[in-house]
Amino acid sequence: MIIVLRPDATQKQVNHLVEKIKKLGLKPWVSRGVERTIVGVIGEEDVIRVQPLEVYPGVEKVLQILKPYKLASRDFKKEDSIVNVGGLKVGGKRLIVMAGPCSVENEKLLIDIAKKVKKAGATMLRGGAFKPRTSPYAFQGLGLQGLKYLAEAKKETGLKIVTELMDIRELDVILKYCDLIQIGARNMQNFNLLKEVGKTKKPVLLKRGMANTIKELLMSAEYILSEGNFNVILCERGIRTFEDATRFTLDVAAIPVIKNLSHLPVIIDPSHATGKWGLVGPCAKAGIAAGADGLIIEVHPKPEEAFSDGEQSLIPSNFEKLMKELKKVAVSVGRSI
Amino acid sequence: MIIVLRPDATQKQVNHLVEKIKKLGLKPWVSRGVERTIVGVIGEEDVIRVQPLEVYPGVEKVLQILKPYKLASRDFKKEDSIVNVGGLKVGGKRLIVMAGPCSVENEKLLIDIAKKVKKAGATMLRGGAFKPRTSPYAFQGLGLQGLKYLAEAKKETGLKIVTELMDIRELDVILKYCDLIQIGARNMQNFNLLKEVGKTKKPVLLKRGMANTIKELLMSAEYILSEGNFNVILCERGIRTFEDATRFTLDVAAIPVIKNLSHLPVIIDPSHATGKWGLVGPCAKAGIAAGADGLIIEVHPKPEEAFSDGEQSLIPSNFEKLMKELKKVAVSVGRSI
Amino acid sequence: MIIVLRPDATQKQVNHLVEKIKKLGLKPWVSRGVERTIVGVIGEEDVIRVQPLEVYPGVEKVLQILKPYKLASRDFKKEDSIVNVGGLKVGGKRLIVMAGPCSVENEKLLIDIAKKVKKAGATMLRGGAFKPRTSPYAFQGLGLQGLKYLAEAKKETGLKIVTELMDIRELDVILKYCDLIQIGARNMQNFNLLKEVGKTKKPVLLKRGMANTIKELLMSAEYILSEGNFNVILCERGIRTFEDATRFTLDVAAIPVIKNLSHLPVIIDPSHATGKWGLVGPCAKAGIAAGADGLIIEVHPKPEEAFSDGEQSLIPSNFEKLMKELKKVAVSVGRSI
Amino acid sequence: MIIVLRPDATQKQVNHLVEKIKKLGLKPWVSRGVERTIVGVIGEEDVIRVQPLEVYPGVEKVLQILKPYKLASRDFKKEDSIVNVGGLKVGGKRLIVMAGPCSVENEKLLIDIAKKVKKAGATMLRGGAFKPRTSPYAFQGLGLQGLKYLAEAKKETGLKIVTELMDIRELDVILKYCDLIQIGARNMQNFNLLKEVGKTKKPVLLKRGMANTIKELLMSAEYILSEGNFNVILCERGIRTFEDATRFTLDVAAIPVIKNLSHLPVIIDPSHATGKWGLVGPCAKAGIAAGADGLIIEVHPKPEEAFSDGEQSLIPSNFEKLMKELKKVAVSVGRSI
């Protein structure tokens, strides 16, 4: 950690700071430049990071040297992590495609979709039983019944199940029915929820919050890892910007950035990122070309009648066509689907 | 609702849409312009809002006419709502100032701060017992013990207590100890939490999410109101933008915007919005000048030793000085503190 | 255009609005819904768009139906435009790669880079002679001398030249030396500059402003087109967001969005979008996979000694390697380089 | 400047960096921490700031210690600058209010507005003769004729004139007719324009770009100051964010931030920041309460017929009423109007 002092900082202020650092068991050093004096700290930055050094008299600003996450860091683990989701390996050469409806609506429809996405090459089935909706008047999901339909679809097709956990009270039931627990964008900083899924061994799909930096995403992953669960898959799903032609702005550069900073696998969600089915294909291809380990895509046979997110759902025939195109892009970057 | 068709929309597509609208029990009308045909819908917009009309063939875009919230709307209630927090009226001519430490750290310190902020003119004491922290390695709050210290401080000073609820499992204990439940920015779209506080009658301080629009803030308020709890106070606490000179960007215009759209009281949090104690005063004054109904401000006697957010905490003497200045600004806009 | 009235709008206010619309030579129609009355306008929206209808008494909001640009619109021209840059076709099946240093530094170096990027497959040479720099103390470009070096490099290699125009006073000299005039992000809304390049027939590379919407980019293109110059190539180069891991956020979805809205070709600039050479490759691939018509990439043999933007420049051997990878991605989406 | 090395940086890489620093005439020092080695640089940071140190092998990141602007900095000049605009002092205890129409439309109307805003307490008249418009089809200003009307209004009322310069070719004529040259938000980084106004002694009103940081605003001011013109007034006019309830987001905290960093006066433009006349009053008050040195406000007697920006213009009677309220707020923070 580097502490930059104000041009008018007094010797007394420097001493006060140096003593504080020593009291924390760390080793300070002082460097006097032409225009500024700076104080550096040698040792575990964690101890001092939580100190409000910026309020010390004479301090102008504090610069952090080390990353605030550890277990999620590439420094901690050099090689890519491969997360095992019920036998499927996420993070390896082969890309994983998760597909299905936004919400689980009824058993027949779900099984129909499951069969079609499986035929097209998906290996996991997505579907919300508990739904976070902006409006209290919108469809809130089928709840437990929805989970049972997912289980049925799994039995019929062998697809692994990913579904969202919104509420700690529903953890047990979600654990029972799914292979991969989704933590949605709105819960990326629901720290108690993160701790609870961290205490299980179940794989977790952690979606980036719409206003969260990549660093914060890795901090939230750290919450899960630090409880002992290393089975974390990250998901870029668009961030909020001033551009209103799309629902969110897909941050495709986040993929190589995360790959540099962390060993965890990362997938993208082109459906939520764009909010428009016509943009899902180009963005899915972009994600794979940029190095993503997989995709999560919304598919619905009758988007006109979908209970939620119909605008961004592909119909099965378009999904099938897209999968063929995606396979070519995957091969072009040395991967497969 | 207005549905704009594509220039190449066919008559068959128009008919398909018109039939759908009729089937929902609404009345469509069609207007053919020079360049576009548009279809309007007369009747309850709620029924149709949740339909994914944008995926209908021939549809270019859908424009909403009505607001998606009702109970929170100024249309629903013309006059300003006044929320009663343990006898204190929030939303009236007199402004409410909530002050105290970011985290409750120990009893002695808390009572000391409480006495000082009361003397300066605050009528509510803030302090976190359960803390949402970006890092799993940061101080997570004293929990129940913290709530007990808050109760003690209340007994000593008579200040009303506001503290954050992060987890549904802690609702009962929070209800027991506080006068005003804070829902933090990171939980503004934790819809299950909103429903639960909606089922109580306890006043709620709902903070705007860092990436949420004013419309979404009002939708989240609607979650609480629609469960029967009308005691909601909104809080603008800064939004996330590209500017990095401050922790967040205080959206001071949100105050008159909310006052136009809603009857609910709104306060501002200049401490979190700026992240720097030296900016708290100017922004607090700006908030009052813009019409806010109150403030929530962090105060700590030794920011250097604060367990969290020391950078943005005022020391009691500065808070006292600021309160004197704030009183003048309040009077200048026809209010009092 | 749709004008939504306030719930309390009077008949007199409706009449006032209706008369105004008639006076403009347009045809109004009025629709009374349960909760709102709306007034529609049939006819050329351009006439009424510039009227401040929102200040009319009784008006709540104004919704536009038509796009504010015409010549740049896909409605105006269904098929993709192909821009001819000195014989090179931009916008067709074959992708165009422009490469070269951020700034022209000296003749020998420039020619050396030109030869290397040509060998790797680039067909245009980029290089700034006039440089927009955030700091007045940074290198401002070689000016005319830089243009002469570019001409020399063109003579040696046959590569077409793209260079930035910052100042109307330099238009003539830029016209003389370049094949494609670049309008930089900071000048996207320098409307007089747009008009001047619109009066020439020289192809223009129009870069998106860092805070401009896609709609505004198309409006700026409209400035050029409306002066008679249809040779416009658009460029997505990253927008400003809260994320600070990259210099800007590459909006990869802008490519299919622009392709839907406009007939103009669009390329991407992964160097400026990311600001880091290690991210250029993944983002270049993403751009091609998403449907871009080309790329503009910074290449410098000694980034350590570059006068500007060394951080984001590829060394020639890395560029050569990337080009091989890009060819595969291009083929996977039915294009070639 | 602090250079943080990667954990795997070799001694050779450290030496390479150290030599480079020495070659620049600066003094390096090396500090080896537990997890990272860092290299500091003592001496003029300007010399090294423009070096692309991040591409040096072994370098992880580069942290700047000093501000990249000098003349605009509070370090350079401790006391507040007072800019003399034709006898009016901007930056002192008395606040300056500039008011008038968005565009100059005709002489009679302009003189009428001028008289009314003067009566209400404004001391400067604003009005655009050359207008930057997003659409090529929108009114582009009266040009020279508009300047002549402004001169006439000045003769009649004694109000000082502020008007926008968009094009270097118009500098001479603008210099002749105005007292304060406005550089609009879209030209904040039109560096050649900044240099040219820097070469004059005429006071400059520099508006913040909609996507520019405060640091960049000060860098643009530095362009003007470094050419010898110290008569610069800054203007916060709203930045672009995801919030769409207002045209831009007024960054009210920018006022105290700028006051800390710089000695230059700063005013706010609540008309453009909000885009809605009903929000101008609350935001104007907020700006004054936060410490602004003045305001620039749009006033038009018939907003319904304004050629531009009618939505955000106050009618004279509302402006007069607002001025009375503003005076009270000014007094409450120790200022006057």
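The first chain written gets the first letter, and so on, giving A, B, C and D; residue counts start at 1 in each chain.
In the analysis below, a contact is a pair of C-beta atoms (placed from the backbone, for glycine too) under 8 Å apart; a residue touches a chain by one contact, two chains touch by 3 or more.
Everything quoted here is computed from the prediction, not taken from an experiment.
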Pair exhibiting more inter-chain C-beta contacts, A-C or B-C: A-C
Longest centre-to-centre distance from chain D, chain (CA-based): A
Distance from chain C to chain A - Cα centre to Cα centre, in angstrom: 31
Distance from the mean Cα position of chain D to that of chain C, given in whole angstrom: 26
Mean-CA-position distance for chain C and chain B (Å): 38
Residues of chain A engaged with two or more neighbouring chains: 211, 240-242, 244
Residue ranges of chain C touching chain D (in the complex, touch as defined): 20, 46, 49-52, 54-56, 68-69, 132-139, 166-169, 186-187, 189-192, 195, 209-211, 216, 219, 222-223, 226-227, 240, 276-277, 303-304, 306-311, 313
Contact set on chain A toward chain D in their complex: 2, 4, 7, 29, 31-36, 38, 40, 42-45, 63, 65-66, 75, 240-242, 244
Residues of chain C touching chain A in the complex: 211, 213-215, 239, 241-246, 249-257, 260, 273-274, 278-279, 281-283, 285-291, 325, 328-329, 331-333
